[in-house]
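Think of it as A, B and C in the order they're written, each chain with its own count starting at 1.
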Amino acid sequence: MDGFLLQIFSGLANGSIYAAVGLALVMIYQSTHHINFAQGEMATFATFIAWSLIENGMSYWLAFFLTVGIAFVGGLVVQRIFIRPVERAPILNNVIVFVGLLVIFNAMSGWIFDHTVKAFASPFPTVSAVFPKYISGHQLGSLGVTLAVLLVVYLFFRYTPIGLAMRAAAQNPDSASLVGIRVSWMLALGWGLASAIGAVAGMMMAPVMFLDPNLMAGILLYGFAAALLGGIDNPWGAVIGGFIVGVLENILGAYVIGSDLKLTVALVLIVGTLTLKPNGLFGRRVITRV
Amino acid sequence: MNLLEVKNLNAWYGATQALFDVSFDLKQGGITTILGANGAGKTTTLRSMCQTVKTSGEVVFLGDRISGLATDKIVRMGMAHVPDGRGTFTDLTVEENLRLGAYSRKDKDAVSEDIEGVFEHFPRLKERLYQQAGTLSGGEQQMLAISRALMLRPKLLLLDEPSFGLAPLIVQEIFEIMRNINKTNGVSMLLVEQNASLALNLADHAYLLETGNVVLSGPAKDIRSDESVRRTYLGY
Amino acid sequence: MKIRTLTLIIVALAVLVLPWLLTNFRVFQLNLMIVYAIAVLGLNLLTGYGGQISLGHGAFYAIGAYTAAVLMDQASFSAYATIPFAAVVCFAAGVLMGFPALRLGGHYLALATFALAMAVPQLLKYKGIEAYTGGVQGIVLSKPEPLFELEFLGQRLSEDRWMFYFLLIVAVVMFWLAKNLINSRMGRAIVAIRDQPIAASALGVQLATVKTLTFGISAAYTGVAGALGAIAVAYVAPDSFHSFLSISFLVGAVVGGLGSIPGALFGAAFIQFIPNIADEISKSAPWAVYGAILIALIYVAPGGVMGMLNKLKKGDAK
């Protein structure tokens, strides 16, 4: 029973990170109908930036917020420069640009920060204040941070005029420009936000997985699975999907197939959801059949 | 100064040309209607005002050239467009749709005042304020679309086939309200309609389009009463 | 004699003499380039002609490679005999992947194949099948020996030079088959489905069958390349089939020109030789270069090298 609870809590902690990545993916998908394959590598790169800030003496939380800001601006700039020109191009061209970005960010991480594995600090105490038997201090802290981020994003979209404008631009870009919204800037903002969320996910993951250029590659896959499971057009579905995937991963890993095949689990989840329940658990839009 | 001046407007969808040297003027305060059969170019004309299609020629709005400007910029200059198909944000609530209509306004305090004004014209929207726009009936969505456009406090309101797909009683109701809006708010209107008799009853001036060319223009009253014109061009 | 035929004969002779003019190591690199050309051709059939985006062809390459390696290591197959087996196994794998792919388009297919590309290396390390796959260490093979001795221009007929001619024959056959496929009814069906699926279906094209078969054939091509690669390198290990291998193939297909058969050669040359040059700058540099070139091509020359050559040809004709 103890071991089981341990897996559940650990699964929830990991799940919160998959939820964040899944949310970032859905945000970009909702507004552009594109899947950002480069999401993971951008998050890794941001985490490296945080690492080097801390290495150079900055306090953790200052580095944290500064990195989130840099990631936001970075995401915005990437959309303006690289994504906008191919907005109306065929899907294949878009996918190739995303893959190109994936590769460039990964290469930059390796080039600038080299490939040796680095330790990344956790700002949380080692022992958790709550349920210390089942969850570590860092896991509790990262759960708290990601939930806080998700809450802020929710409030932003629900109650601010810009949040409303972004939702409108994502749902119906033509009508949005007819009420005076600069749709293409809304897309850029969406990218900035998604990038910032990814950075948070990376910084929460790094203390556990250690920091090297391949940090987020596997996480990206889980983020995809979470987003698909929740319904690719439903941001809150992605969040719930993330927690489900996190817990499932741990339970299956501990009791069924061992921890070696985790990526295969992600693959099966992805292909399975796409073929058996393409709308996910909570989605509404039907995925276009070719 | 004329509200709107259009000179030698040509418009294309890709390589297909839809409008050929269309010219007309709108005076402030009036209601003008553009009539014509399916495919005559009526919707294209409205889209050319907002620059959502490729155009050449001159469009001048309140003295400023707007040809080649971005749609959102033109909207912010005071031109509101109720597109064909209504264009409501179906996944958002009625209230959110209205708030979005006022998105570009700087005078945020007057917005709630204007929402109240909208309710006076369309009381049904008040009842459905927090409902999802997609669940409203066709008529109510049309009311919402017009209200959203009014939230801009526009100087010119473009309406694309507001009667489309609606029951005759609702259409009468909406057209009456539009006449009201024109009188009380002083909003000028450019109305595109397939239903010629309805439009001619409401408008002051009318233009008739045939395959992208203006073939007839004159005061609505005269066209309405000229039987031969009506029979030849408007089918009634 | 026509100029064209004469040029072809000269080129053919040059190619045949080539291994004797280069060092062994360079011949080895050329071998890999030929292998990649076949792999990229496979991807091109699916993505360029068929319009189905695959970010996971590295997985089929790996399956082909491991099929050959396991057969040679555990069942004492000769290298040449493994090729048809690799083709069949990968064809089956491709058809298997083709079924879920029927429902997916664009991003979703790219996503699913990307997941495949990431899962396969981990799968290959799985302890449960270690007895066959050699786990993390992989399998060491020996290169096939030349069947006779020969000296020419001061060089001897090494394993690599022998391999070169074998690969050349296989490549010529595969390219010739691909060309015939594209020009056949099936080939036209494949392209019709890419461009106008509804119209194609209305005209009687069996969408599901053609699409699944295309996946199978494409996977078979890349799988054969994998098997050939395993033999040419004489070694397979899970980490050689990292997800980025799939991206390399995509780069090769885009650089050469999607929807072009000869383009696969240019693409393969690119992905084989650019890393060597870029490596001098930094370990990560090849990938930065790939990424930058990939993006630049999409903006500037989406038709790749063949696209640019065709434009030049048309410009000349004017």
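Criterion: a contact is a pair of C-beta atoms (placed from the backbone, for glycine too) under 8 Å apart; a residue touches a chain by one contact, two chains touch by 3 or more.
This is a predicted model, so every value here is computed, not measured.
Student: Hey, how would you classify the chain contact layout here, line, ring, star, complete or other?
Tutor: If you draw each chain as a dot and join those that touch, you get an open line.
Student: Skim through the chains and flag the pair connected by the most C-beta pairs in contact.
Tutor: A-C
Student: Using CA atoms only, can you tell me which chain is the most central one in this structure?
Tutor: Chain nearest the centroid of all protein C-alpha atoms: A.
Student: Quick one: which chain's Cα centre is the longest way from subunit B's?
Tutor: Ranked by distance of C-alpha centres from subunit B, the top chain is C.
Student: Taking each chain's centre as the mean of its CA atoms, how far is subunit A from subunit B in angstrom?
Tutor: 43
Student: Where the centres are mean C-alpha positions, what is the separation of subunit A from subunit C, in Å?
Tutor: For subunit A versus subunit C, the centre distance works out to 33 Å.
Student: How many angstrom between the C-alpha centroids of subunit C and subunit B?
Tutor: For subunit B versus subunit C, the centre distance works out to 57 Å.
Student: Quick check: what residues of subunit C touch more than one other chain, meaning two or more?
Tutor: none
Student: Going by the contact rule set out above, which residues of subunit B touch subunit A in the complex?
Tutor: For subunit B paired with subunit A, touching residues are 50, 52, 70-72, 75-76, 80-81, 83, 87-92, 96, 99-101, 103-104, 148, 152.
Student: Would you mind writing out the residues of subunit C in touch with subunit A in their complex?
Tutor: 47, 51, 53, 55, 99-100, 102-108, 110-112, 114-116, 118-119, 122-123, 125-127, 197, 243-244, 247, 250, 254, 258, 282-288, 290-292, 294-295, 298-299, 302
Student: Sort out for me which residues of subunit A touch subunit B in the complex.
Tutor: Going through subunit A, the ones touching subunit B are 161, 164-165, 167-168, 171-172, 174-183.
Student: Note which residues of subunit A are touching subunit C in the complex, please.
Tutor: 34-35, 37, 82, 85-86, 89, 91-93, 95-97, 99-111, 115, 213, 217-218, 221, 224, 228, 258, 260-264, 266-267, 270-271, 274-275, 278, 287-290
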